[in-house]
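In the two complexes that follow, chain A is the common piece, with chain B as its partner first and chain C second.
Presenting the complex of A and B:
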């Protein structure tokens, strides 16, 4: 289980890196930097640290789980491909015009001058996360 | 003034967590109780944001763009009542000073989230504070780390994550079309191009997300497990106010002030509301777990609000909002009763109870009042809100839906009378002969909520005029 979890975390980090590249290409370098440093960097460190506290699962149990998962869900990839082919053949997406974006606003101006309540919300969210860790993971004193 | 509803709880949270021992004990409880009483009075008396009103005195320091109108005021009032009830019950249900202190901190965060949700004027900020409330809820559900509670929290987390994806996708589309996420900008886009496919898609996604958050059928999968397996004060918070503030209120706010719903969308709302009413009521008939029955009852009662919202006449909206308030009060009372019975009798299985009315007279009486109000018997508050909803449906020609609402009230009466008979009447089990009434910290909120239920029924005209 530990190896598989770490693979998932690495996959998440790689997705964040790809997203950062996309943001940079779309002309938002600050957002790309935030995505790279926080999501790909800091979050991966936190996840891996947490996973390092979990117990290992034996190879036999892992292979039994893989087999069970395959038996339950083997048909899913075929179902997704078949649905996609059917939808692309019969579904007609109407033509619509995406309006041109309004004049670009600097991320710093938006964040610090226009979105005060969201900054406040972020602080409260961080506090919620901190209390969550304390409440759920701290061992009570004997 | 609006900023105070989110800044004062925030500063209290900071103060309580300063490194002073005396703040961790009883002081935390009394300070929080004082804050909630202040919110109760301020929300009833604060001036609304009308043209020419005095500006927020904190506006030069905190440019939050908040606004209080009559709908927000009703929710702030309801939040104060329910959170106060939960706080009072926590002294009885949650053991250990440290655990109670953690509970207070998390409820403060939830209070900030819910207060902000009902007074922001921007869609992204609304989403953010809905998530703040949700995160606090996940932790509160699993605060005692019991297996079923963690399972309930995980189900809620999983479905909430799906709702989050829908919400964020919807917000991205609104930003693309409006250039802004404020309510005013999005409402302007609806006025100018209501037939835009992307706009309809964004609206549909956001409504689906709100159905999940509200626990409306068929998106209700998480609600019975989460609400029935957590400690009683948390059940009071979730069923009493959280699903309303973060689900139903947002639905009503967006439908009234932001979106322009098509006839089809309103018909979908009515259909889903009706299905929720009937499904919830039928599911209640088969339950033997006291709290689980109340959780399914929540699904059913919220269906009345969604049904009335779909009707969308002024009378229907009045009924919906009055029922929102009434449900917050009588459902909180029923959960407090359930918690009292669970603690005193040592079981939540109604088949193992019976004849508790003599041993727990206050709990039995207040439970009867709440049940009759939920079933819609006069002159209690639930009667008036249901009557207004049924009349609104009848007057607008939706005879079938009026019939569904009326007949479902009979089902509601059936399952609640069955609950009363199983728990409080009938033969007293030998193992329960020595139990006593719950202590004052439980009886006080029970009596208070029962008084509010009766007073709101007798003075409903005043309620409608004030709010």
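Presenting the complex of A and C:
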């Protein structure tokens, strides 16, 4: 189970790397760097740490789980393939009119002048996350 | 919208929808909380790509980037706390199978 989980985590990290390449190609280099360093790097570390603290599942239970999952969700892979085929065939894009770009084209300007409340939100989120993790891992008093 | 942009939008939107379906499949089909978090992460990645694509098409890449940076910060905090909750559940129940976590059932 652990090996399969690690494989999933590596797959997620590779998805993050592909996404950052796409972001870079779409003209968002700063977001691409964030995605690469935080999502591909830090997130993988968090997930691998979590996996290392949990226990391995026995082979018998794993095969039972696999059978249960197959019986319950056998149609989902077909649904994914069918929806992909249908979308590529019938998706029509509406011709909407795009508004003119605003003057602020620099991400630093936008972040510090236009969206500065977001920065306070980020700080509050980070503090809340830190306190949340501290509370979760607090040892009970004797 | 120019035909090239419309074509680009079409390709990307198909990729985004497939990414979303993969994330939903991952959440639905698994009995492991860590894998459910990975599915949620894939869903968030689809949303991130959608925001960047919208910024590129509308010519507001800077705004899209600032929103994505905020989204990434929220995502990492959320994942850290969620992994903490998973470990807490494992420590108290010796399992991360959501079907067996019934301590809060009334």
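Annotations for the structure displayed:
Definition applied: the second predicted complex is superposed on the first by the 115 of 142 C-alpha atoms of A that agree within 3 Å, B and C clash if a C-alpha of one lies under 4 Å from a C-alpha of the other, contacts with A are read in each partner's own complex, and residues count from 1 in each chain.
Quick note on the criterion: contacts are C-beta pairs under 8 Å (C-beta built on N, C-alpha and C of every residue); 3 or more make two chains touch, one makes a residue touch a chain.
A quick note: this is a predicted structure, and the numbers were derived from the prediction, not measured.
By the touch criterion stated above, A:90 is placed in contact with neither chain B nor chain C. Taking chain A as the reference, the larger set of touched residues comes from C, when chain B and chain C are compared. Shared-chain residue A:26: touches chain C; no touch with chain B.
Judged by the touch definition given at the top, the superposed model places A:120 against chain B, while chain C stays out of reach. In the superposed model, A:75 makes contact with neither chain B nor chain C.
In the overlay built on the shared chain, the residue A:136 is in contact with chain B and with chain C. Look at A:39: by the touch rule set out above, it reaches chain C but stays clear of chain B. Of the residues of chain A, those at positions 96, 98-99, 101-102, 115, 118, 121-122, 125, 128-129, 132, 136 touch chain B in one of the two structures and chain C in the other.
Within the complex formed with chain A, the chain B residues making contact are 6, 10, 13, 62-66, 96, 98, 102, 105-106, 109, 112-113, 116, 120, 122, 124-125, 128-129, 131-132, 135-136, 138-139, 142-143, 145, 176-177, 179, 196-198. Looking at the complex, you find that chain C touches chain A at residues 1, 6, 9-10, 13-14, 17-18, 21-22, 25, 28-32, 34-35, 37-38, 41-42, 45, 48-49, 52-53, 55-70, 72-81, 83-88, 90, 94, 96.
On the side of chain A, the complex with chain C involves touching residues 1, 5, 8-9, 12, 15-16, 19, 22-23, 26-28, 30-31, 34-35, 38-39, 42-43, 46-47, 49-51, 53-55, 65, 68-69, 72-73, 76-77, 79-80, 83-84, 87-88, 91, 93, 95-102, 104-107, 109-111, 114-115, 118, 121-122, 125-126, 128-129, 132-133, 136-137.
Within the complex formed with chain B, the residues of chain A that make contact are 94, 96, 98-99, 101-102, 115-118, 120-122, 124-125, 127-129, 131-132, 134-136, 140.
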